[in-house]
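Both complexes below contain chain A, partnered by chain B and then by chain C.
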Partner chain A sequence: MTAKRLRLGILIGVSGLFLLAWIFPILWSLLNAFKTEQDVLAYPPKLVFSPTLDAFRDVLFGATSILPNLASSFIISIGTTIVTMALAIPAAYALARLRIPGKRWAGFYVLATQMLPPVGIIIPYFLILRNIGWIDTYQGIILIYLSFSLPFAIWLLVSYFEDIPFEMEEAAFLDGASRLKTLRRIILPQVQGGVAVTVVFVFLNAWNEFLFAVVLSGNTVRPVTIAMFNFVSVEQTLWAKLAAVSALAMLPVIVLGVVAQKHIVKGLTVGAVKGGGRR
Partner chain B sequence: MSARGQVQLDGIVKKHGAFAALKGIDFEIKPGEFFALLGPSGSGKSTTLRILAGLDAPTSGRILVDGEDVTGADARERDVAMVFQSYALYPHMTVFENIAFPLEMAKRPKAEIGPAVREAAAKVKIEHLLDRKPGQLSGGQQQRCALARAIVRKARLFLLDEPLSNLDAKLRLETRVELKKLQRSLGVTAVYVTHDQEEAMTLADRMAVFMEGEIRQIGRPADVFAQPNSIEVAAFIGSPPMNLIPARYQDGSVLIGGRRLPTMLQTHGERDVVVGVRPSAVRFEADGIPATVEVVENLGDAAILDMSLAGTALRARYDRFPLPREGDAMGVTVRPEDIHLFDPVSRRRL
Partner chain C sequence: MNKSAVAGVVAQGRRALHRRADPARIMEGRERRFAAALLAPAFLALMATTTFPLLFLIWTSFYRMNLSMPFMDGFAGLDNYRELLADPRFWQSLGVSLVYTASTVVLQVVIGLALAVLVHGMRRGQGLFRMVAILPVVLSPAVVGMVWRSFMLAPDFGVVDYLAVTAGLGSHNWLGDPTLALVSVIVIHTWQWTPFAFMVLLASLAALPDDIYEAARIDRASAWQSFRRITLPLLRPAIVMVIIMRTMVALTAFAAIFTVTGGGPGTATEILNLYAYRKSFTELSIGYGSALAVALLVFTLVVSGVLFALRRAK
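For the complex of A and B:
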């Protein structure tokens, strides 16, 4: 009994340490967002301070408002997510279901693209976009994001599609449904958990992406990850404003995660075929 | 209505690479008939059903339904309904939505769908479960839901792929009776795949016995049982299985255990044969062929005796009490009409 308690205590202690290490920068950043620039730099650090929304007001409505950049990030992330899902769902379904020659190689290729270091392909991508005149355009950056989000989404979705027994689909065909109707009415509702997970990851990757954005964007397309550096200059770093932007940039991701969580759990509770249907 | 549901299969061959899963299947099913495809697993019965449903394409051969060639037609164009072994209910839909799905796909008007679903549900006695999801149903209820989904559209063909095999023994017997009643009341042609010869015997008007991708025998269950045309069919139909004893035939009788048993076959000459005797056809007489009881399997109202007769094993059904004990010696005999004779080489019935 005491040994068990001791083990539990150690477990909690160690997890607590990890949690602390993980949460410290976030907390620090969040706290700074509510401080004045002077308070941020105060030494020793002020734990008790009078909170202010000045930093938020400045970054949202001031001279260097990041609202256009948030909009930019949303256009890129939502655009990438929509196009990715529109292409990945049929592709993953095909990979999971149809007998296509070279299917296994296609699966391997999809994974292999994930192993390339992004820095290695950024220069070719830059040259391609420059040649077709798509540097600093939404279609340009979404196209480049697709090149890594699409394989990833397909790879993630295939396993969800493979879990649906063949008989479920065959039953739908015999009930008079076409393949597309079967996908929409029978298959997709059952993989909505997987779709939700994929949407979160694709959106997240596009939202947080920095390296490609910094090279391939310009003044028209300027996502918030790049705009954040408006507040970092050679002379000074405006910590409170930087922290406020970080907090604002985190918000949509957190909201998406909370909303999708319900669907993710729902996706796990599916399963009414007895005796397993896979041949 | 009565003329719907006539099926004809012409030389259906299905190959997977070099392996022939079906080696030329021919049969005809009359409208309203309950037709069973019976055979051990891997014999091709399920493949035949899937080809009939349009889920698999045959390598060669033709499928005709009501005289119309549907060989190249998609499953959804064939107007057939199917109950799967796994039931394949749509887990995200309620029972009502599951049953309504085929009607929706057929673009029936909404006003028509509700009453049709309730009627189908009532036929299989699940009208009180329409709001549940499949995951909230017991195995038997799921099975009924699958049946309702299949009958709601009033398709011309009703295909069943081992629909009872996931039910427990008691429920299986109950459902078997109801299935037969249901098919009768609907008057629909049913094609039923099973490996359980008892199910085929009790349900089917006619049955086809599948083995190794071929049909070995087609006929009424009682006829197949009474006159199996080969050793394999004889061994497969009946439980416990038929005794098959190698013996010598001589001028209208067979020699077993040093005794002559007269047969119906009355030809002159001498040859090797395999003698088939059903356990229920073994009779006990004091002056019969001597046999020793080795194991007694008491079934309650009868017993299966595992006996040794002149060095070969013999199983017999015994329904007189008290039962003999292990080690007892008994005399056995068989009437001529209960003796099946097979050729040991061609394995055909003589």
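For the complex of A and C:
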């Protein structure tokens, strides 16, 4: 019995250690955002300190406010989500439900576009956008974000559309409803969950994207992930402010992650287990 | 009548109904036009944002193109590729990419699987693990890199350094030493993405049928035996899928390394992706950078070919 107890203790210890390893870096940087510059640099690292909101006040309302950058991140992410969903929902419906020639080929094309390395897309895109003057514009960055959000959204949505029983659609046809009406009234309410999952993923990916943003951003379009470098320089890094900016950049996605936790796990599993079994 | 016979009759009846009542057959032409209208915008956007840039990239890879010296631009034939094959920095970055990808994927799958089995056996506390595991996954790799670089790995006040000193390992320049820097970026990637493997594998474990384990218990199989003989084979499709998805992401990893080391010290952590970026946008040598990106694409295709063959095998 003691051996069993011991094993249980070790298991709990090991899993607890991993739990700590995942949560600690996030908590630690959040804590640092409430410190003074001196407290951040304290050695040994300070777990107990008198918290202050100075860093947050400075990065939000100081000389180099990141409020415009947070706004920039939101405009990019929401814009990308809207355009992506408007294009992906009809396409996914057609791929999943309609009998069309070349369907397999189209599905393969969507999958294959996901394999393109982003650096291979940004080089030509930079040249093109530079020629038409779209660098540092929202339309330019949202357009290129479609290159990764659109294939992903179509691919995820198709698996949800495929789950709806055909009988429901047939019943609607027999009642004389048109294709478009069936799509709106019968199909879309059924895939609400799938649409929500896709929206969450597209938003997260757009918020977190970095390579395209670092090449295409400028003074107008400058998401917070790029702007945080303002606080890092060779001469002096403003540690507490950097922690505050990181916290502000993390806040929306953490809130989204916790609120939509079930959706995210489901989305990951659909991709890995179901999509994997089918194609 | 047994069950399958009943199912057969039902299916037959359904097919008959289908033939008679299927309205899509009557409106086949209309359906095709409808489908085309639904598909056209998305596929046009896809072609404009993926296929067209790809073709343009291949085209520029045959050109001498330098943004700082536009007067030198011109057709170069295979020059960029000849330069690439003789470029030691290219081969080195390819090697770093291989090491980075292989080690992060193996670590993610091994740790993620072990933890998934561990947590799956828990009667309480699974929710807590799911909640915590979601956090690293939703974060921006750039922010994750910044957090690690600034507050975990900094040599003077970082927590990792403090722990190393406390454990008697001494203080190290975690991002300044070539080997340690590579280990650091591998650990950071593993830290961020192991929860992904964990969550997917935990969900797959939960979907496995209980009765097989019941039978194994009755046969007095050990925990290890039932893991080897039951869990692993049943989980194989999910594991292979996780490997494929994680490999694709590791091959295109960029932000975390960019923020943590910028590819340095020297080129110690410069994966091929980062080299192509630096060549194109720091050294402004777009033509050669394009050739590097094409090489990365070829490398990705080869790796995914191998992985998909692995999936089909058995």
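One rule holds for everything that comes next: the second predicted complex is superposed on the first by the 241 of 279 C-alpha atoms of A that agree within 3 Å, B and C clash if a C-alpha of one lies under 4 Å from a C-alpha of the other, contacts with A are read in each partner's own complex, and residues count from 1 in each chain.
By definition in this document, contacts are C-beta pairs under 8 Å (C-beta built on N, C-alpha and C of every residue); 3 or more make two chains touch, one makes a residue touch a chain.
Since the structure is predicted, the reported quantities are computational estimates derived from the model, not experimental observations.
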**Prompt:** After superposition on the shared chain, which partner residues are touched by A:13: those of chain B (first), chain C (second), both, or neither?
**Reply:** neither
Please indicate which partner A:133 is in contact with in the superposed arrangement: first for chain B, second for chain C, both, or neither.
neither
Is A:110 contacted by the first partner chain B, the second partner chain C, both or neither? second
Exercise for review: May I ask you to decide whether A:175 touches chain B, chain C, both, or neither, giving the answer as first, second, both or neither?
Suggested key: first
Across chain A, the partner (chain B or chain C) reaching more residues is C
Q: Go through the superposed model and pick first if A:102 touches only chain B, second if only chain C, both, or neither.
A: neither
Applying the document's definition of touch, where does A:165 land relative to chain B and chain C: first, second, both, or neither? first
- Message: After the superposition on A, what does A:28 contact: first (chain B), second (chain C), both or neither?
- Response: second
Next on the checklist: Just to be sure I read the superposition right, which of the two partners does A:189 touch: chain B = first, chain C = second, or both, or neither?
Outcome noted: first
Chain A contact set shared between chain B and chain C covers 170, 173-174, 269, 271-273, 275-277
Listed in rising order, the residues of chain C that touch chain A in the complex are 21-24, 28, 30-32, 34-39, 41-43, 45-46, 48-54, 56-57, 60, 111, 115, 118-119, 121-122, 128-144, 146-148, 150-152, 156-157, 159, 162, 191, 195-196, 199-200, 203-204, 207, 237-238, 240-242, 245, 248, 251-252, 254-255, 258, 273, 276-277, 280-281, 286, 289-290, 293-294, 296-297, 300-301, 304, 311
Listed in rising order, the residues of chain B that touch chain A in the complex are 53-55, 74-76, 80-82, 84-92, 101-102, 105-106, 133-135, 139, 142, 149, 153, 166
Chain A residues touching chain C in their complex are 11, 14-15, 18-19, 21-26, 28-29, 32, 40-45, 87-88, 90-91, 93-95, 98-101, 106, 109-110, 113-128, 143-144, 146-147, 150-151, 154, 170, 173-174, 179-180, 204, 207-208, 210-211, 214-215, 225, 228, 232, 237, 239, 242-243, 246, 249-250, 253-254, 256-258, 261, 264-265, 268-269, 271-273, 275-277
Interface with chain B, chain A side, in the complex: residues 165, 167-168, 170-178, 181, 185-186, 189-190, 269-277
